[in-house]
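The following blocks contain the structures, represented as structure tokens.
Next, two complexes with subunit A in common: one pairs it with subunit B, the other with subunit C.
What follows is the complex of A and B.
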């Protein structure tokens, strides 16, 4: 069986994404961020050929371009003036600053898209149920109620529309009023039902001892090894960052855009961290080929 | 009892003063610092919730209210930037108290994002709606909140405050942490969101004027009938 990134323990996947976001926020350097973005794009490509990313392309492009344009527009600070428009100075610093923020926000959105693919709600619920069991059951109940309430809202709107109360026509004010009227009907309807749900929970021994979860994830040896691997990488990177590497100072004087040899080392470590899903996938593929050739 | 209250207030004051001093001292790191404070406050809240014994009826009630707050956006899909989630969370906090209000706001934001897809805005929404419920519960016994004008002012304030909290993540994204110190950047950004914020505020006021009396009595009746979340 090919071991995939999705098959790791939820704690490990969550750890990877938390670390990934933290590192983006720490390593604010155009070259480094470009490398990170490239790796995440590769992950997306191998995963599903950009299918999930494509739905977000409008958001990604508009925020990216907006940030890139807005920053030089508002920000005049900097020593290297590129050109002047109507007495407004456009500086290299502002442009690079905008570029860095645009890159990091695009990278973070891309990362979240992959997070939504890998970290399904049931995994998040599993994590919550380990650390915050009461909050987890509340969240689980809410998630269960949302589709139920949607159905009830449809029923309510069918009845109300037959009485001539609609949210689709009329003035803005009356639409808002009717909309909340629907919600109010939903409220009184659901409150009484809630007591029934609670009583049936009590009948099934709610609150007697620890709750078990439907899907059980076991923390395997491979999870431990992966956790150690990622932790070591993060530790190296944090040490490097606190010693001042991998960060472009822009104000008051802009640092060099070139990366030093030591900083390239950190770029390699960073790439190892981000390409962890790729390494897992590649390792699994190699193993598969090897096993096949033995046969 | 009186002394304990005073001691608590003094402790809170001391913590806030030292926070201000520390963030002025290390101004370069003030953003990280404030993130740290917000996140730890948030987790303290969750741990407190975790340690309370809540029976099945209460937890189901909280879930129903959070689900209604999340779902109530649906009938309003045709009207831009009008959603009654804030109103629902406000009413819940007003009747069931600050802690329940906070939890309902947080869960409503998290659950609706779990269905619509998470993004960098999720934590900000959780905190914003959580604080809506929390402040409604905190102020519910004040005389002005019993009156209609008090609730209206509260709704207007939150219409804008909610937008500003949500602006924070955008501002960090657009200009970086330095944007907060630069008034020239801050002003146009907040002006730009003012239109949406005032829509939010106006819809809050309309909902509060038309429905707050009814909703409070519906929830209050339910609360006393079953003796929940006293």
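What follows is the complex of A and C.
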């Protein structure tokens, strides 16, 4: 069994993603962000060969390009004028500012896609049930209800179509009216059926005493070590950021795009943080190979 | 002192003071007994079961007492925990989206520590043999699996009494058999006390210790199954008696009008029936029974399906639901599609009434390709009744629904609706909300709305699901009546006995194809498992009867 990032305790994975988003928002520097984006893309590639990311490509490219183009279009501030179009000044500052925003948004989307793959509803439920038990129940019911309602709506639409009440044909007005009728049936029906769900919950003693939660995950030693490792990295990075490193000042005067030696150190630490899933995977793989070669 | 004692229990629902749901009912249950409650819909079975579980007692006025081990339900420590409850609908009882969460739900409510939960769940999953389902989503499970899951999550709470409210009514025969086997096992191996409300006595009568017939909130008769069967035969409605004891009683009474049959001899299972048959001379003189509906069937095809392919999702992995399917429906016949879950029966109905578009193949209705029918024309000539008639209604009373249908189809005379309701016997339900009706009533109400637009073809998806024997008999009558007025009926069913009784032709679906079809007699004679109780009983005798009526008829013929 190769130990994988997904197998860590939900709290640790959640911590990693929170840290990752925080750091993106703090280190607003084109070079640093590019490195981060690259690492996240590698994580996606190793994980499933971009399969889950591909579904988001339209969103990623359009928002990226839109921000990159729109920012210089509306923002004329800056000293380094690149060129003028119809009396509109396009400045280097605006371009770089747009670039940074676009990069961080793309990175955050990519991070969220990976988050979605790793943090299954199950893990989320586990995390919440500790702090907000009522919310966890609500979340669990909702998770069940969404696919259920969808299927019911399909059934209703099938039956009503056979009666000649359709949302696919006819005038716009009648289509809208029929659609509303469908939803009305769906709601009445679901409420009616939910009474039975409530009975079944009551019959299993819901709400009669203090609830405990089934702990699906145990906080192991490896989780502790990983948590310490990630915390130390975050601490170093935060100290660096508060001392003014790893950030490109654009207004009023644009700083240098070059990174200083100390800043390169922070880039390395940052890379260590972001590539944590890769390190885990790689370490696990090595161990596996070693074990196999011994046998 | 009995384990559960119910003394003079009377219960009134708040809106109905004059007609009590339970009327001076007394019943006692010993520890470890298997008790089956039966009776028509609305006889108070469900009310009685619900009153036994404190958390889900209905609101209303209650008098009389219920004693568990000598304690009333209101006392501290009377142990409502001791009582587990499984409801009818497999879908609605599920709370969580994942099987493991569902199992843990009740245990979490009891506040158990994780280790204890883990132990209990491990044990239960092993007992049920459900390891492979543990991490599945609940909505991916079949109805039978869902009901097993509901049972498991109740059992995890370690009750000593299990109450079941028609647990198999929504399941197909194979799943319901599996479910009942599990209940019997729990009763026999662990001494779990079981009280079950059930319509289909056929399967439970041989395993029950005591069966209780209820009517109008009273116990009509309770006792040993054989005694009760004998008693009902002499007094009450015979429809409740399963076909094997019924066959036996009919024949022995036929021989001797005053014959006091020995109660112990009444056969309940096929095995007992075969033993009894061996002592009977049963010679078939080759004459066919004359009960076959001898109406002339027009041989013209009204629906024809050629080489049909259908799948829900497009993709490499998506499985074909219908595959190379050829099928034809003759004008004026009643055709029943049988077959396992997922064999494509319901899908075929949906394709024929134009809800789903096939990927390949042709459907002809009246020799006109389905593609050339507009939706309105199609809705006018084909009436489709879904498995769940609740979804059929779009208005909040039957009256409004009828009104709406009349407007939609330009029917002016209100007379038509009135006669239709009268002929179905549901005039008194006009102003009720569809969801307040019982299963049988709901179905008739939906049929009324369907028939109002005068379709020529009726497609029924599992019309017998969850119906009590009386409603089922009525449905059979209605369908035969419609047929004599020229209606063509295509239905899917799991109910072999029903199909044998009313169908002109039966077809078996398997893997998206119709693998065999013929008229019921020869269809069921060829089957080993998928056949009626009477056929199983008479297998290896010369008699070729499939239904009870045919068997009695051909027995009479052979005597003369």
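Descriptive notes on the structure:
The rule is simple: the second predicted complex is superposed on the first by the 281 of 295 C-alpha atoms of A that agree within 3 Å, B and C clash if a C-alpha of one lies under 4 Å from a C-alpha of the other, contacts with A are read in each partner's own complex, and residues count from 1 in each chain.
By our rule, a residue touches a chain if its C-beta (ideal position, glycine included) is under 8 Å from a C-beta of that chain, and two chains touch if they have at least 3 such contacts.
It should be emphasised that the depicted structure is a prediction, and the values quoted were computed from it without experimental measurement.
In the superposition on chain A, contact of A:247 is made with neither subunit B nor subunit C. Within the superposed three-chain model, A:187 lies in touch with subunit B and out of touch with subunit C [touch as defined at top].
Shared-chain residue A:164: touches subunit C; no touch with subunit B.
Once the two complexes are overlaid on the shared chain, A:216 sits against subunit C while remaining clear of subunit B.
Once chain A of one complex is fitted onto chain A of the other, the partner contacts of A:14 are absent, as it touches neither subunit B nor subunit C.
Legend: residue contacts after superposition of the two complexes on their common chain; A:265 is shown touching neither subunit B nor subunit C. In the superposition on chain A, A:229 makes contact with neither subunit B nor subunit C. More residues of subunit A lie in contact with B than with the other chain of the pair subunit B and subunit C. Shared-chain residue A:151: touches subunit C; no touch with subunit B. Within the superposed three-chain model, A:38 lies out of touch with both subunit B and subunit C [touch as defined at top]. When the two complexes are superposed on chain A, the residues of subunit A that touch both subunit B and subunit C are 121, 141, 143-144, 148, 184, 188, 193-194, 197, 199, 201-202, 206-207.
By the touch rule above, subunit C contacts subunit A in their complex via residues 53, 55-56, 81, 84-85, 87, 89, 91-98, 100-101, 104-114, 117-118, 137-139, 150, 153-154, 157, 350, 353-355, 375-376, 378-380, 382-384, 386, 388, 390-394, 396, 405, 408, 435. Across the complex, subunit B meets subunit A through its residues 46-47, 49-50, 52, 54-57, 59-64, 66-68, 70-72, 74-76, 78-79, 82, 84, 87-88, 103, 107-108, 110-112, 114-115, 117-120, 173-176, 178, 182, 184-185, 188, 203, 206-207, 210-211, 214-215, 218, 222, 226. Touching subunit C in their complex are the following residues of subunit A: 121-122, 125, 140-141, 143-144, 147-148, 151-152, 155-156, 158-166, 169, 181, 184-185, 188-189, 192-194, 196-197, 199-216. Listing the residues of subunit A that touch subunit B in their complex gives 63, 66-67, 70-71, 74-75, 97, 100-101, 104-105, 108-109, 112, 115-116, 121, 124, 132-135, 137-139, 141-146, 148-150, 153, 157, 167-168, 172-173, 175-180, 182-184, 186-188, 190-191, 193-195, 197-199, 201-202, 206-207, 251.
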